[in-house]
Amino acid sequence: MIEIRFHGRGGQGTVVASKILADALAKEGNYVQAYPEFGVERRGAPVYAFIRIDSKPIYDKSKIYHPDHVVVVDPTLVEAIDVTEGLKDGGYIIINSENSPEHFKFPDRYKVFTINATEIAVKHRLGTLAAPIVNTAIAGAVVKILNLTRLESLVEAIREGVPIKPEDNVKAAIEAYERA
Amino acid sequence: MKKVIMGNHALSYGAMLSRAQVIAAYPITPQTQVVELLSEMCADGTLNAKFIKVESEHSAMAACLGASLAGARTFTATSAQGLALMHEMLHWAAGGRMPVVMGNINRAMAPGWSIWADQNDSLSERDTGWIQFYCASNQEVLDTVIQAYKVSEKLMIPSMIVLDAFTLSHTYEVVEIPDQSLVDQYLPPFNPPWRLTPDDPHAFGGLTSPDHYMELRYKLQKDMEKVPALVEETGKEYEKMFGRYLGQVEEYLCDDAEFIFVTSGTAGSTARVAVDELRQRGIKAGNLRIRLFRPFPFEKVRSILSRVPRVAVLDRNISYGHHGIFYQEVKSAMYGQPSQPLIFGFIAGLGGRDITRDSFREIADYALSRDRVEEEIVWIGVKK
Amino acid sequence: MSKEKKMTTTITREEFMSPGHLACQGCGASLAMRLALKGLGQRTIVCIPACCWAVIDGPFPYSSLDVPIYHCAFETAASSASGVKAGLEILGDNETAVLAWAGDGGTYDIGLQALSGAAERNDDIIYACYDNEAYMNTGIQRSSATPFGAWTTTTPVKHYKKERKKDIIGIMAAHGIPYIATASVAYPEDMVKKFKKAREIRGTRFILIFAPCPAGWKSRPEDTIKLARLAVQTGYFPLIEIEKGEKWTLNLKLKERKPIAEYLKLQGRFRHLSEEEIAAIQQEVDERWAKTLQKCSL
Amino acid sequence: MSRKKEARKIIFESEKEMPPVPMSLGSMLHNRTGAWRNIKPVIDLSKCIKCGICWKFCPDASIDIVDEWPQINYDYCKGCGLCAEECPQKCITMVEEEK
Amino acid sequence: MKKVIMGNHALSYGAMLSRAQVIAAYPITPQTQVVELLSEMCADGTLNAKFIKVESEHSAMAACLGASLAGARTFTATSAQGLALMHEMLHWAAGGRMPVVMGNINRAMAPGWSIWADQNDSLSERDTGWIQFYCASNQEVLDTVIQAYKVSEKLMIPSMIVLDAFTLSHTYEVVEIPDQSLVDQYLPPFNPPWRLTPDDPHAFGGLTSPDHYMELRYKLQKDMEKVPALVEETGKEYEKMFGRYLGQVEEYLCDDAEFIFVTSGTAGSTARVAVDELRQRGIKAGNLRIRLFRPFPFEKVRSILSRVPRVAVLDRNISYGHHGIFYQEVKSAMYGQPSQPLIFGFIAGLGGRDITRDSFREIADYALSRDRVEEEIVWIGVKK
Amino acid sequence: MSKEKKMTTTITREEFMSPGHLACQGCGASLAMRLALKGLGQRTIVCIPACCWAVIDGPFPYSSLDVPIYHCAFETAASSASGVKAGLEILGDNETAVLAWAGDGGTYDIGLQALSGAAERNDDIIYACYDNEAYMNTGIQRSSATPFGAWTTTTPVKHYKKERKKDIIGIMAAHGIPYIATASVAYPEDMVKKFKKAREIRGTRFILIFAPCPAGWKSRPEDTIKLARLAVQTGYFPLIEIEKGEKWTLNLKLKERKPIAEYLKLQGRFRHLSEEEIAAIQQEVDERWAKTLQKCSL
Amino acid sequence: MIEIRFHGRGGQGTVVASKILADALAKEGNYVQAYPEFGVERRGAPVYAFIRIDSKPIYDKSKIYHPDHVVVVDPTLVEAIDVTEGLKDGGYIIINSENSPEHFKFPDRYKVFTINATEIAVKHRLGTLAAPIVNTAIAGAVVKILNLTRLESLVEAIREGVPIKPEDNVKAAIEAYERA
Amino acid sequence: MSRKKEARKIIFESEKEMPPVPMSLGSMLHNRTGAWRNIKPVIDLSKCIKCGICWKFCPDASIDIVDEWPQINYDYCKGCGLCAEECPQKCITMVEEEK
């Protein structure tokens, strides 16, 4: 079983990112479970989302306290909170950032990746500069970095699950996949 | 068709596949997605239903009841405060024999405001005459909606389908969405034995004197007593058509168990993992997840628990001034039975506190290390 | 009275309410139902919440109406009716009228929110409130329809009702529903006509019926019609219609209004009032009347 | 709607005879409210102009129009006196019931 | 002073003597006389209280809660549909620790409309966190109001005082009305540990996360567990001052009994006569009338029932799909006890059907002629 | 804008709301509370039912207000406030103001009946509704305050809201309470003044505050004031007062009203509207404006 | 224990009659229990009321099925219903009527009394001719005929318990007592 | 009202430390919502006319008036941009937060 935690901010589509990923993974016969942080946070406030992936049915309905990997949708969170809380040794930290992985100071037991999902989103006109919608780009990068599923499944999941500008989102995901 | 959907949407799909005809609902966290999706289904024609956007839950249930008495299949969903506001109308639905099907997302009762999982809302409706199903997966949620209509309409008793806040309502899982045509085969249109119509005018619910009231309530109870068998029967029929079985309880490794968790809702799912862990430690554990809570599955519970020396009942609820409600009811059901297992009662997870494999480990350690019931309420996870 | 000397034909002879019902002698509410159904006809479903009518109709297994009735919860006249209507519609019956029939308590107070909700959605129901100005079924407690000055068991003589009667017509008018009317058991033709008219309109229709209650008003049973008539003739209860949320019509114009004292003195519930208090009531009636005229552009 | 005409008392010997919900199965005509009456309306038809006002106002639907003439149904008339009060011809008198 | 008063007026006098400060209530048969008399008392100055004539029971309880949080002693009364409409606010009162005292007249739930005695209304509030007292005489009603304030305000938990419709509410009995000055001595003014005041501003009832909710509810339960002892203590104090004892249960000839009725409300009064009759027949019968139902008087019930071989629990209620509620709770309490009497469950008196000495005779004959529990619900008085 | 170039002094510098609260960026409702309390002062008890503000205030054991708060049940803003006031009075505190502070859902819908009850009794409370035109706390569902044409999650674009916004001012005016006002976060001086004035009056006072919600309206956070101002300038939300149930005053007269399209186009919730639909909305605004002028005798 | 049933019509004060009686009896140290029929009957409809009297506390809260005596407040009821239902042999039937006892045809096992309470009430201006308030007169007669308590206690009970025209009511009760 | 000034986190180690009801014991000042900000308002005081409009409109009470000059409290400012939008002098600029 793989357990991943997403960090983002209210209104950025963090939950959607994990949901798209779950969709894509399910397409390949995986059992998946995705869920948001159970809170009342407003736009702008830090939020979480989780995903579990397994080849067997997943019965554990408790929260994820020790993720295998974390994905940081909003780079400002790296300062604001401890994104590595409970992260297992050897875990990957995937950050949406224009900076290189080295820019971030994390303990050596983690592996850091960055992807400029914002830039990709803006390029494909997803959301606005002030509020870019980065979830599909993030999903593309995560699929690649964690080698979770085939790109085709992700593309299919986006086509089915993203009602607004699906093709632009597909392009963003592919670009992120390729750049990651 | 397989889809990754949240528990709330499993309710919406269930209602859609059951061809609910009148929906009246009011938003409340964490139920909102149920009605949002149903609104969309109504708006885009996927579902041919009237959606009444009422101004409160009391009216939501009242509108469902009116529609039901007019002969329509009705659906609603709510949670916690909303369910509580319907309380009077819940009695009404049962006493009036109106087979509404309702989803309730288990959420803690205020104050303080809490939107998190806790069974006190639905369990404090245990005396209102509703059938209650507690679900542990999104698939079960969807399947149960369809089954509930079948059972409810046969006996003219309403059903409540209960799912934990967030842990189920907001959790995405892979769900097989059955074919509409198959569902139509399983669930024929609603055709009640009486209805409001000028063609055959009756007054429903008039003043009922002490000469008559008790007989009517006797009939309700007698029909309630038919539910367990009907759940088995309709569950088996469902299995034949859809490949998934829906019974009164879910047994996991109970056959040879020497120690059984009695659970419900999503905790009953996590319990399976805990059972596996215990088995690895060499303890013959099992899990009895109660799916049908009202009517209480006396026979099932008795026959399974009679086989074990030790039982741990987990309650995500408490009847203040008494015990956990499942604990209380299981003990009551086991009173006077030939076999008298040690039954321990545990309260965990109130107001959304997580129930984890660790919780079950703690419970097992407690129950396995004692030969008598010292405390009747063992609190799991309270910061003392 | 003078107009009514010939047997009128506008009111159907057909009865949808049978005798044998449980109303008190001279009950305005029972007459109101009799007349309302004459206007609506048999293809009508009635939702009756807790109120005198829940008793008047008769106990299980009987009913004194020849139309289907849903005896619904106190707060739910409107929401039950909305539900019934939705059920009928989805089953293809667009013809049957759905009537919510509630007392003033069930309308002005505990059922107001459900009514407001139905009106806002413009649900296709007729909501009729028979106003006997208190909770009668429970033994005469004040409602927000109880007029200033009245005795009830919860507004004892030493502390009679100090608040004025809630303006339900004003409230419903603010909802902009297609049809609003007031009616009185003393004017059966007018009342039957209004129910007939309401039946032909779609959307939420609201009819307020003035229905004297001898038991609660401490009036003589034979005075029921007289009181209802005086309420109109004094201008205390004007007969009006509001169409499309806009057009106000005064159905019965009065050359001269009778003094309110004439109306009050027939009722035990006002017995304790002093001259000054009666004068104050007269003034309030005058003011309200002036406003009504204004709204009716008269 | 035949039940409209029937004045039948309905007695259930056993719960089995009862419907599962409290629904009406007959009219209130079995309830002869004439017994409630203390005073009794009597019409002097010789003065009557057949205006139907008494019929219109009877809260108990206890005045029938038979061949255009008003006729009081004493089985149900509760003796409220409204008809007498409202009759424009004053041709209805309330007389004390024999006791 | 002795007065012949009805049960409803015993509530009003109780509230008056307790110097209730804010009353908010809504009329419903058979409760109306409670508020009518209180209205008069407020109007003529006998009682210095604010009477809020609300537009529904939901608002009645809401207004009481606001006033309680502001520091006032509050009272209300209701019945059946009204109580049901308050359901959400009942949870609120308990969770918010607002010590309202309320009279509830036990009446059957609609539909069909019934105004007659039946415990389903109050018992279906058993999980809302209220203390519940069931009364058997008008004197007890009056005395209980005063005691309830004492208990409730000490622990900050609301109390419900329950009386049967008509059989108590409308029945006139001789009642000793205690002196105001003595009552004042027994019951000091309400002085809550926290309140709404700009002098010390706090926000009450804000969002309570899974980190905190469970502890607060744990505290509520722990305080609930203190009630039985406090009822005994305040009851004895009351006895000292007023000469009448108010405990958790009323035992009648239980000491040497071989057969015990477990009863509540007015049926528990008639049961005494039935016990006398049985004793005359040579049967050592006794009656255990449960006065304090929430919290459940575990110790008392266990110690008394452990001494007898045979018990008959009478329920004027039923949890549809389960059993009579007292039956269920008594069995649950007796589970695992060293002594395991035969416990029979009887349902009688729903919707106002009379419970007579004959009913008890039938119950006794049934229970005394059987050596095992064949049926779990024995219906008394249903026309079958 | 031009008038506001000098630091005004009518608004107290004292803050009764601390930063750190949980509102979204640019939340009109949070600004509304900040201003309302500046008008009322610290000796105020606030009853807040379920709504965004139940969250904004912060979780236990925190609060962002310096006044006592009773977080009450959704339907009970008015009845809770009535209870609090009665409690204070019987304990001898006649000075502290009791403010019920609810959203539009808690006012127009689920709390309407309790509000109407309090108004009928003329209970001594100030009831303020911050209107963001939908159930925001639960994620943007339609309320009866949602305007015609708007998208919400329960009025999806394919079936946007077809009913007009409920006329709560009309409804409250029919109750004849001593003070009613509308206020807008774009006009802080006016709003603070109205709360100050309300504090000095006895009986039920009702203030409706227009409070844009960027999250629910799909508008830019920085446009909150602009939108509130446009609502006034287009005549969509006139600033008025109604005193003693009678006297209507238009507080901000407009020489020329801006077209409603200017207001609508800044909000994602109206994005789907066609030109014709916008024209229909314009027409409704015009009609309502004319009526408002008439009521204000202008 | 003595058990009495009262028959009257809604609005005639039948319950009040039984209540006044209970008051009077309590004054002499009796235990009493009085209760109305538990119904929803409207003015004019037949109603009942009951009273139990004992020297010991009364625990039986069930209804009275076999009264020792019955009191008929409204004579028209004699025709309308069976006022003797469940009446014990030897029971008294006390009827408010202008007629003599012989006028009523009851089985011999009952003893019939009449009292013209209506006339007495009208004479003392209690209520109106159409709706006389007969309860105190009835009570006076019942006290005398059944020899239940002293007249003084009844008088006291009326003074304390009847808010409107207490003295006229006292007079009516005394007159009925004397005439009965 | 000292709690107004405190930015203290309140942590209960045990239920014993908690009040029996959920009542506030401190302000929200511990919640430094400045972290929510994506873009940051910067005032060019040289253009400022001290009209106080930015102060008046800040929904987060995050602009203080210090010696009559507006001063943004970045600990809490959420970066909504309202102040910049409403400043009549356009002297507030929203600049991107460093990430």
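Letters are used for the chains, namely A, B, C, D, E, F, G and H, taken in the order the chains are written, and counting of residues starts over at 1 for each.
The rule is simple: a contact is a pair of C-beta atoms (placed from the backbone, for glycine too) under 8 Å apart; a residue touches a chain by one contact, two chains touch by 3 or more.
Quick caveat: nothing in here was measured; it's all calculated off a predicted structure.
The set of chains touching chain D and also touching chain E is given as B, C, G.
Note on connectivity: the fewest steps through touching chains from chain E to chain G is 1. Counting C-beta pairs in contact across C-D and across D-G shows that the higher total falls to C-D.
Our note on geometry: chain B versus chain G, Cα centroid distance of 56 Å, whole angstroms.
With each centre defined as the average position of its C-alpha atoms, the distance from chain D to chain H rounds to 77 Å. The geometric centre of chain F is 23 Å away from that of chain H, both derived from CA atoms. Each chain gets one centre point, the mean of its Cα atoms, and the points for chain C and chain G are 39 Å apart.
Residue positions 38, 40, 44-45, 130 of chain A are each in touch with at least two other chains.
Along chain E, residues 29, 53, 55-56, 58, 81, 85, 88, 92, 96, 110-113, 116, 201-210, 212, 215-216, 218, 220, 352, 354, 382-383 each make contact with two or more other chains. Chain F has residues 22-23, 25, 27, 42, 54-55, 57-58, 60-63, 66, 69, 71, 73, 75, 109-110, 112-113, 116-117, 120-121, 137, 144, 214, 220 in contact with two or more other chains. Of all residues in chain H, only 12-16, 21-22 touch chain B in the complex they form.
Against chain C, in their complex, chain B makes its touches with residues 21-22, 24, 48-50, 52-56, 58-60, 62-72, 74, 88-89, 92, 196-198, 200-209, 212. Contacts from chain B toward chain H in the complex involve residues 111-112, 382-384.
Interface residues of chain B facing chain F in the complex, by the touch rule stated above, are 26-29, 32, 35-36, 39-40, 42-44, 53, 55-56, 81, 85, 110-113. Residues 108-110, 112-113, 116-117, 120-122, 144, 163-164, 166-167, 170-171, 173-176 of chain F touch chain C in their complex.
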